[in-house]
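The structures come next, written out as structure tokens.
Both complexes shown next keep chain A, but they swap its partner, so chain B is in the first and chain C is in the second.
Our next item is the complex of A and B:
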């Protein structure tokens, strides 16, 4: 409808709502093919990454497990787990969510959907080649960049095509106001290709000298979480929390402060991974200061989300989207405060080189980012497939397996890691005693991994049923309680899911 | 509010600032580090990694030893690296100028290996340990790297480099276990891990 025509219409609230609903449906339709492609492929990699995770986890307390297969030796299985999760699952589900959000927030159809499907094909072929390369003996021991070097240009090319489509759609926007989620998405799509290309060139193609490789490595690896996954997770939370509960974000200004503080401080925090290492002291101090300053953006986001949700917390009993995203948002606060503390020299002296750090990484990438993405998928997928989720019971099972699994994971490794660190720093404790001390916790971690795997299988099953339009046709969204009660709670402004 | 260009500039400059601080400035400071003459000897340290050890570095990287072992000694008084005998001095940037990739590591499931060549100079020990860590270190959770070893029929005399397996790990009579080229390269690389030479910036 052109503006001239729109001006002649007499807008009642019902007409307005119907008009926007039609507009949204049209925009969603433009994103259907590429976004579902990214989602389907990412769910596939989630299952692959989970399988590798279980193998690596079990090997750590039972080294004879599958020991005769060189391609599954601990170092390779663990790295293939990390890289398939990073590039197959997180990067890709993040791209799908970003593209959908960008089109919706621009109120413009997504540009070049077919080209995007081609880019998704290239991306997945590259991840597959990379994973085979790592397992097959072409691995590079560079954290988060273990893929054989030829993979990097392919991933970079695919990403640039995807980012161009997103940014062109952003340029088409009909809405003058730029919502905070768009700031975050713009940042993520701009930052990732630079980080990725610079890191690959300076470490694998034209290596810089010695420990410079380590600083470039941690500049990249830390920013992968901080400047790529985090902005996407926050963009999604900033969009979906207000959407589901039908209230605007508490404070626009807090969200802007949060964005710039994140952009500036997170950017510089990466070298705290090298505290005590053979690096210039000023560099490490600089990163520690930036890490502590991260309390500012985290605080603003936490306050903003809390104030938006306050009085509506009961909705997590009903809305699957909100339940996962609130879990993710709370984990974001937790992981960031923990990260700031962990960068202090006195804490780091103990926690560095232990399972404590592994637990911390999973709190970020899993409890925050992955859970937020599950919540987003529960909202987005039915709007693309025009089919509701098959079973509220299975959604509940998915939630409790993943939420319970990651809590168990985090608690067992944090505990084990802290005492491991204390003992490592006491030269009177024989090394083998430390190894033995960690064993029960490593076994607990394997149990947690199996719980997560069950959750992922349930989710993959629900996802496939949804794509195939299986199960009872439903008129109402699948939620975790009584639909009528729920509708009364969110009122006419909330978007149920 | 429409802040398109502002967002772009901000996103660009925040990124540029971190690149400047974490990538470019250290580059200016460290890219031209060279080996240093040390003490009375005529040689400079560190020495480039070459020959078989270079192949071993590739095996170490490919099989991911770094995900359980660090190669860095923290300063005295910060942790107990020094007291555990992992090195006589902290390691410094100059120690790594020839490493490609640099494998400082972030995890100590196993001990630090920055100076393992000094601490454990025995080739036989390393082969037995890599073949099955439980032989030398009962209760170890380090993986077996038996796939770097070959089982072969003994013809005539046993080979010089055949592993001397203790009884409980013995294989069927008439056969022996010998290291492949890759296993020998890996051990050569481990024996090269010696960062005990004095450097001007790190006194003993």
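Our next item is the complex of A and C:
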């Protein structure tokens, strides 16, 4: 429809609604193939990573478990778990959510969907090769960068294609305002290649000497959480919480301050992992200051999310998306405040080298990021497949298994880790006594891991059913409008004038 | 100079300049103005402020008292309608 013809249409409120519904459906359709590809691959790696996690967890209190398989020794299984979760699950589900959000917020179709599927294929081939390399003993002894060196260029190439598609889509935007989620998303898409390429060059390809490697390592590892996963999780929360409850964020002003404060402070926080190490004192102190200053962006997010939902908290009973994302948002506040406190020397001298740190890491990557991503998928997937989720009961089971599992995990290891640290600092306590003290908590962790695995299997089952359009056909509550209906209502394409 | 320093200083300059450029661009395109209008830019006439857009499959939504809200307050939060010239931030 030309502008002239569109101008003759009488744009009633119903037709105006239909126009926007059709536009949204068209944009969602443009993202369908690549985003569902990323989601399907990420769910696969979630199950692989969970299996490896259970194996590693059980070996902590039952060392003979699977002892005849050299490729499943603790060191390999644990590292393969970390990397399949980092690059197979979190990175990919984050990319899928990011691409969908970028198209939605730009009000423009996603560019190069088929090329993105190719990039997803390259990414997954690299992760598969990396995981086989780690399990086969070709692992690099660098935390979060254990994949064999040949994997890094493949991941970087795939990421460049994805980032270019996102930028081009952004260039096509019809919406003039850059919503706060877009700031976070472009931050993540911009920061990850910087972190990943620099860390690989300085550690694996042109290695710097001695302790500098450790500082680059923790600069990268901590920023993977803070400058890649965190912005994507927050972008999702800043879009979906207001969208689901139908209210704008409490203070948009604070949200913008939060983004720029994160960009300013987070980059310097990672070196607090090396407190007590042979590093320049000023570098450690600088990192501690940056870690504590992170309370500013965290405070803005906490205030915003709390005040946006405070009068509508009961809606978590009625929305799977909101339930998971509110849990994730609350966990973000908790893990961030804990992280700031943990960076203080007096706290760190107890918590360092203990299970306390493991619990903290899972509070961030799982309770915050993964739960937020589950909530996002509950919102996005039906809009892409045009099919509602098969079972409310299974969604609730997924939530309680994962929420209960991660809380049990966090509490048991936090408790065990703190007392483990105190005993490690006491030269009169025999080391074996400390090991024996932690055993019941390590068994509890394995129980928690099984709960999480049950939740993941339930989610994977729901996801496959949705892809296959199995279950009772429903239109509500996702409001799966039929594009043809909209076309019938407003004639043909063309914007309201 | 060793290649390592090129990597470190090169990326610091490249990314530092990019961040400053993004900040300046945001100011010049008025991204830091009219925050309330920005906050409601995710809503549209089909999914307006005041309407819940998610729920459990096969279940009725929340009862009215849970969604209860002051309609006058909500009307002040109507999103800018991009189809009406002059209300979209982009056209200003």
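One rule holds in what follows: the second predicted complex is superposed on the first by the 464 of 497 C-alpha atoms of A that agree within 3 Å, B and C clash if a C-alpha of one lies under 4 Å from a C-alpha of the other, contacts with A are read in each partner's own complex, and residues count from 1 in each chain.
In this text, a residue touches a chain if its C-beta (ideal position, glycine included) is under 8 Å from a C-beta of that chain, and two chains touch if they have at least 3 such contacts.
Please read these numbers as outputs of a predicted model, since none were measured by experiment.
Undergrad: Check chain A with both chain B and chain C modelled on it and let me know: fit or clash.
TA: Aligned on chain A, chain B and chain C clash with each other.
Undergrad: Of the partners chain B and chain C, which touch A:315 in the superposed model: first, second, both, neither?
TA: second
Undergrad: After the superposition on A, what does A:198 contact: first (chain B), second (chain C), both or neither?
TA: In the superposition, A:198 contacts both chain B and chain C.
Undergrad: So, A:140: does it touch chain B (first), chain C (second), both, or neither?
TA: A:140: touches chain B, not chain C.
Undergrad: Examine A:385 and indicate which partner it touches, taking first as chain B and second as chain C; both and neither are also allowed.
TA: Neither chain B nor chain C is touched by A:385.
Undergrad: On the superposed three-chain arrangement, identify whether chain B or chain C touches more chain A residues.
TA: Looking at chain A, the partner in contact with more of its residues is B.
Undergrad: So in the superposed three-chain picture, is A:51 touching just chain B, just chain C, both, or none of them (first/second/both/neither)?
TA: It touches nothing on chain B or chain C.
Undergrad: Of the partners chain B and chain C, which touch A:432 in the superposed model: first, second, both, neither?
TA: In the superposition, A:432 contacts chain B only.
Undergrad: One more residue to check, A:190. First (chain B), second (chain C), both or neither?
TA: In the superposed model, A:190 contacts both chain B and chain C.
Undergrad: Could you tell me if A:474 is touching chain B, chain C, both of them or neither one (first, second, both, neither)?
TA: In the superposed model, A:474 contacts chain C only, not chain B.
Undergrad: Now for A:422: first (chain B), second (chain C), both, or neither, which partner does it touch?
TA: neither
Undergrad: I need the one stretch of chain B that runs into chain C once the two models are overlaid. Options are 3-11, 39-47, 75-83 or 111-119.
TA: 3-11
Undergrad: In the superposed arrangement, what residues of chain A touch both chain B and chain C?
TA: 176-178, 190, 194, 198, 202, 208, 260, 263
Undergrad: Which bits of chain B are touching chain A when the two form their complex?
TA: Touching chain A from chain B are residues 1-4, 7-8, 10-12, 14-15, 17-19, 21-23, 25-27, 29-33, 60-68, 70, 72, 74-75, 78-80, 83-84, 90-109, 111, 133-134, 137, 139-147.
Undergrad: Can you list the chain C residues touching chain A in their complex?
TA: Listed in rising order, the residues are 3-4, 7-8, 11, 15, 18-19, 23, 26, 29, 31-32, 35-59, 61-62, 66-67, 77, 81-83, 88-91.
Undergrad: Which residues, counting only chain A, touch chain B once they are in their complex?
TA: Interface residues on the chain A side: 59-61, 63-64, 67-70, 73-76, 78-79, 137-143, 176-178, 183, 186-187, 190-191, 194, 198, 202-204, 207-216, 219, 223, 227, 260, 263-264, 267-268, 270-271, 273-274, 276-280, 283, 286-287, 345, 349, 352-354, 357-358, 424-427, 431-432, 435-436, 439, 442.
Undergrad: Quick check on the complex: what are the chain A residues that touch chain C?
TA: For this pair, the touching residues of chain A are 11, 13, 16-21, 24, 105, 174-180, 190, 194, 198, 201-202, 206, 208, 239, 242-249, 252-253, 256, 260, 263, 312, 314-315, 317-322, 378-379, 388-392, 395-396, 472, 474, 476-479, 495-497.
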